[in-house]
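Heads up, the next two complexes both have chain A, just with different partners, chain B and then chain C.
Then we have the complex of A and B:
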C-alpha cells in the first residue's frame, strides 16, 4: 500500500524534478545566450583594450626582461632582471641624477602650480568677469608645448627678456638654462606656468561649491580674510586640491616634451628626466629592454607617489 | 577533427592571419613573370632641394630600366632611425636604406644591413677616400656606398679678426686662443656680445663634432681601433678638454648661445663646424657672407700632422630585401657609373652644396670658380678621421656630450670629465657588442 500510495508521489516528484531540471537547463541556456550577446556588445571595447592596453603592456613586460634592438621581433633575447639591475648598478645615472631630477621636477611643478593656482583662483573668485580671467589663465594649456618651450627659452637667453629686466634694475645676467644650478628650477617655472590654467579651472569650481553660509558665519564672528582663507576656504577646497595635486604630479613625473625643447636634458645631466631617458634608450640607442625597465620603474614611482598623496589626504579626513 | 579542436585552430589561425596580413612584405611588384621588380628606398631627403635632387636620378633610372623600378620614400632625419626600426620590426623594411653612418654598428648588429658583395666592396675601397670607406664599414667590412660626407673645418669672421688686429685665421691652438681672447667681448652685465671661439651645446652633433675635430687634430681618437673602448682619456683628450675649459672660463666662449644664429649675426669670431653649413650661411647672411672664411682646424703645434673629423651617410641594402642583386646594381649605377666625368651621386651632392667621399669628382664639380670656402672641406677628405660607428656609438656620443657640457659648466674638472667619459662610454660600448 505504502508503495502503491508513494509510487504516484515519487512519479510526480520525478516529473517535477525533470521539469525543474528542464527549467534550470533552459534558464542556464538563456543565461548563456544572454552572456554571449553581452560579450558581443562588449567585444569592441574589449578588443580596444586588448589592442591598445593589454597587448602593449604585455609586450612592455616582455621587453623589460629582454634585450631587443628594436628591429627584428625574432631577436628578442630574454635576460631576466638584468635590465632592472643595470638601471641601479654602480655608475648608472638612472637613480641619480635622472630619477632624482624627475622627482624634483614634479615636486617643484606641483608646489609652484598649486600655490599659484590657489592664489589666482581665490583672487578670480572675488573679481568681475570671472570667465574672462579663467580663459586668460587657461591660454597656456591650449598652446603647444613646443611653442611655450621655445618662447621661454628665448626669454631666458642672455640678452633675453628676463635678463633684460634684471639688467634694467642693475643686476647681472643669469645663464638660466646654461648653469646646471639654475637649469632645472628654470624649466620647473615654465612647466608650472603652463599647467596653472587647468588647476585654476578646477579650483575656481571648488570655490564655487563652498557654501556662502560659512563665510557669513565667519564674518559675524569677526574672522579676518586670512583666518577665513586658512580655516574655511582651504579645508573645503581639499577635494579639488587633491585632484590638482595628483594630476599635476602625474604630469610632472611623465614630463618630456618641455625638457627636450628647452634643454634636451642638459647641461650635462642637469635636467635629464626619466621619460626623456626612456625615449633616448629606445629610439636613439635601440635599447628597448632598458627603456621598458625604466618605464616600469617610473610606473612604480608614479604609483607610490599617488598612493602617498591619497593616504595623506585621507588622513586629513578627505575621501577621494 | 572535433569541433573544439576546430575552434582552437580557428582561434590560433585568426590572429596569425591578421598578423601575417598586417606584417606582410612590402609590395614588390605584381610578381607576375615579366612584370618589373619594384625596389623601395628610404632616405631623409624628404623635402626641398634634397628631395628633388634624389628624385632626378631615380626618375632617370626608371626611364632607362624596364625590369627594375625604384620608388623613394622619405622621412625627416629626426625620424629616420625610428622609421628604420618600426618598418623593419613590422616586416616593412625598404630594400635600400640611407642611414647616418653613426648608426651602422647598431644596424649591423641588429642584422639590418647586408654586407656589400665583393665586387662592390672593391669598387668602394678603390674609388672613395679612407674616411668615407671607414664610415661605411663596420669591423673592417664594407656595408654600402658612401653618399654625403661632411668634414669639419674652422669658420671665421674676417671682419672680427681684422678688428682685433689679426691678419688671418689661426693655424695653431696658441694662435686660436690668442685670437679668441682678442675678439671676445662682453657688456657690463656679463652678456656675451662676441664669442671669440664658438663652443655650443646646440645638439649632440655640434657639441661632440667640435670636440672630436680638435681631438683628431691633436692626434687623438674617441674610440679605440677595435671599437670596444674609448681612447679619449689620453694626452690629446686632456689637451682638448683643457683648451675648451680655458676658453669658457676666460669668457671667450659662451656655450649656451645658439652658435648657428650668432655666427651668422656677426657675434662669433671663430667656430668649428661641418661643410654643410656654407649653404645655410650664404642664404642667411646674403652679402655679409663675403666676410666668412674657412681654414683647416688648427693644430696644437705648427708642425703637427693635419687631421679632423668626418661624418657621413651611406646607401646600403636591407638583409630583408628580396632583390639584393637588383638593389646593389641600382646603387652601383647611382654611385659608381660616371656621367660627364662624375658619378650621379657626386653631381647630386654638389648641387645641394655638399660633398661625397670621391675627391676627384668633387674637384671636377667644384672647379675653380666655386665657393672657395668649400675647398678646405674638400682637402680635408684626404686626412679626415671618420666618426666612430661601432655598436653603441650613438649612446657613446650622447655620453660624451653630457660630459663635455659638465666640463664647460664647471660641474666636472678636466680629470673628472675624462674619467667619467671613459667609465661611462667603456661600459656602454662593451655592452653593445
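Then we have the complex of A and C:
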C-alpha cells in the first residue's frame, strides 16, 4: 500500500527533476548563445566607439598637452598645460573677445529665438492650418548652412534685400557684416531665424498639454488675453521654455558653420567664436596643441551648462 | 471664447513671421535667374528681368554639379544605411536579449551623447590621415594621405549614432516578449527574429531615424570641408558650392551660386515635405537641433 502510493510519486518527482535539470541546461545554453548573439549585434557599434570615440578622446587629451607640427606621430612633444596657459595668457584673444563672442552669440540666439517662438507659437495655437504654418517655419531647419549663410550674406550686402527695404523706407544702408559693431548681431539674427522653427515645435506641443478648462475658467472670471498669457500660458509652458532655452544655448555655444560661411570670424575677430578658433588654430595655422586645448575649454563650458540642465530638470521632476 | 477674440492679430503676427521665414528662400530663387549685372547692384530689385535657366546650366558645368551630387549621394546613403543597420541591431540586443554587461553597454551608449561633435573634428581628421596601410601610409600611419583619399572618409565618423541606438531601443522594448519567444520555439535564430519580426514592427521609428540622418548627412558641412581640403575629389554639394562662392569672383558668380544652392536644397525640401510627419516626430524625440 505504502509502496503503491509512493512509487508513482517518486517516479513523477524523478521525471520532474530530470526535466528541470534538462530545462536548466537548455536555458543555460540558450543564455550563453544569446550573449554571443548580443555581442555580435553590438560588435559594429562597440568597434566604432573604440576607433571613433575612445581613441579620438585619448588623442585629443594627448594633443592638448603637447606641441606638434602635424606630420610624424613620433614628433609629439609633451608640454604639460602650456597650451591651456597660452590660451589664458596676457595678450591672448581667447578669453576676450573670442569666449565673450561665443557667449554673446549663444545668449543672443536664445533671446531672439525664444521671443519669436513664444509669440508665434501662442498665436499659431489659435489659428487654423496649424500644420501649414509650422511647415513654413520649419523650412530653414532642413536647409544646409551653406544655403542659409550665403543667402543672408547676400541679403545683407549694400545691394541686397535688407538694405533695399531700408532704403525703400527712407533709411540709409547699413554695412551689416563689414562693420565690427553690427557683424555679430547680424549673424545672431540669422542663427535665430534658422532655429526658431524647432522652438515653435516644442512650444506648440507644450501648449497642447495645457488643459482647455483652464482657459474656460479664466474666460468665466473675465480675464483678458494678456492676463491669460501671463498667468496661465507662460507658467504652464515653463518646462518647454526651459528646455528650449538650454538646448538652444548649448547649440549656440558650439556652432560655427554659419560663421565660417558668412564672415570667417571677421571683420577682425568681431565674430570669432571658440569652436571657430579651435578649427582655425588646427586647420589654418597647424597649431594642433592650442586647438585641442581650446576644444577642451569649450567642452568644459558645454559640460557645465549640460550639468546645470540635468540638475534643473531633475529638480523639476521632484517638484511634480 | 477668449482664445478666439483676437484672431486677426494672431494672423497678422503668424503671417508676418512666415513671410520673414520664406523671403530668403524666395530671394535665393529669384537671384538664381538674374544676370551677372543684376545681382548685388543698386537699387535692389526682387524680381529678375527674365526667368532664364542659363545660371542653372552654368552651375551644372562650372560646379561639376554631377560629381558633387554623386559624392553627396554616396556619403548620405552610406551614413543613413549604416546608422539604420547598426542602430536596429544594437537596439534589439539592448532591448530584447539578456547578456552580461547589458546595463553597462546601455549606459555607455547614453554617456557618449554627452560629447559635443566639435571635440572630435581634429582627432577624427588626424586618425583618418594616419590610418595605417591606407592611401600610401605605412603600418605606423606615416607617409601618405590615409583614408582621406577615399570617399568613405566622408561617412566614417557618422556611421554609428548613439541617439539612433537609444531611439530604436526605446521602441523595441515595447514589443511583447511572447511574440519573439514563439518565433524562437519555432526554431528561428536571433538574426531571423530580428529581421522578420523586430525590424518590420519598428518601421515607423526607422523611417524617422532614417529621415533625420539623411537630412543631417546631406547638409553636413564642416567635416566634408575638412576631408575636401585633403582631397578635392570628394567635395560634396555644400562644400563645392561654397568653394565657388569663396574663390571665384563673387559678384559675377553669385547668381550661379544661388542656382547651385536651389538645386542642392531641393531634394531635402521635397523629402521633408513628403515625410514631414516622421521628421517632425523625430525632432520632437531628439529635442532641438
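Simple rule for what comes next: the second predicted complex is superposed on the first by the 256 of 320 C-alpha atoms of A that agree within 3 Å, B and C clash if a C-alpha of one lies under 4 Å from a C-alpha of the other, contacts with A are read in each partner's own complex, and residues count from 1 in each chain.
In this section, a residue touches a chain if its C-beta (ideal position, glycine included) is under 8 Å from a C-beta of that chain, and two chains touch if they have at least 3 such contacts.
The shown structure was predicted, so the numbers you read here are calculated from the model rather than taken from an experiment.
Placing chain B and chain C on a common chain A by superposition gives a clash between them. Looking at the shared chain after the overlay, A:155 reaches chain C, while chain B stays out of its contact range. With both structures placed on the common chain, the touch criterion links A:229 to neither chain B nor chain C. Once the two complexes are overlaid on the shared chain, A:167 sits against chain B and chain C alike. By the touch criterion defined above, A:69 lies against chain B but remains apart from chain C after alignment on the C-alpha atoms of chain A. Of the two partners chain B and chain C, more chain A residues are in touch with C. Judged by the touch definition given at the top, the superposed model places A:91 against chain B, while chain C stays out of reach. Judged by the touch definition given at the top, the superposed model places A:214 against neither chain B nor chain C.
Contacts of A:283 after superposition: both chain B and chain C are touched. Legend: residue contacts after superposition of the two complexes on their common chain; A:269 is shown touching chain B, with no touch to chain C. Clashing C-alpha atoms with chain B appear in a single stretch of chain C, chosen from 55-63, 127-135 or 181-189: 127-135.
Common to the chain B and chain C interfaces on chain A are residues 72-73, 157-159, 163, 167, 283.
On the chain B side of its complex with chain A, the touching residues are 81-82, 84-85, 88-89, 106-107, 109-112, 189-192, 201, 203, 254-257, 392, 394-395, 398, 401-403, 405-406, 408-409, 411-412, 423-424, 427. For chain A in complex with chain B, the residues that touch the partner chain are 69-73, 75, 91, 93, 157-159, 163, 166-167, 171-173, 175, 177-180, 264-270, 272, 280, 283-287. Within the complex, the chain C residues that touch chain A are 1-7, 9-11, 13-14, 17-18, 20-25, 27-28, 31, 39-46, 85-86, 89-90, 92-94, 97-100, 102, 105, 108-109, 112, 114-127, 130, 140-142, 156-157, 159-160, 165, 189-191, 194, 215, 218-219, 221-222, 225-226, 229, 237-239, 241-242, 245, 254, 257-258, 261, 264-265, 268-269, 272-273, 276, 279-280, 283-284, 287-289.
Residues 31, 34-35, 37-39, 41-42, 44-46, 48-49, 51-53, 55-57, 59-60, 63, 72-74, 116, 119-120, 123-127, 133-148, 150-152, 154-155, 157-161, 163-164, 167, 193, 195-199, 201-202, 205, 215-216, 218-219, 223-225, 228, 243-244, 247-248, 250-251, 254, 256-257, 260-261, 275, 278-279, 282-283, 288, 291-292, 295-296, 298-299, 302-303, 306 of chain A are the ones touching chain C in the complex.
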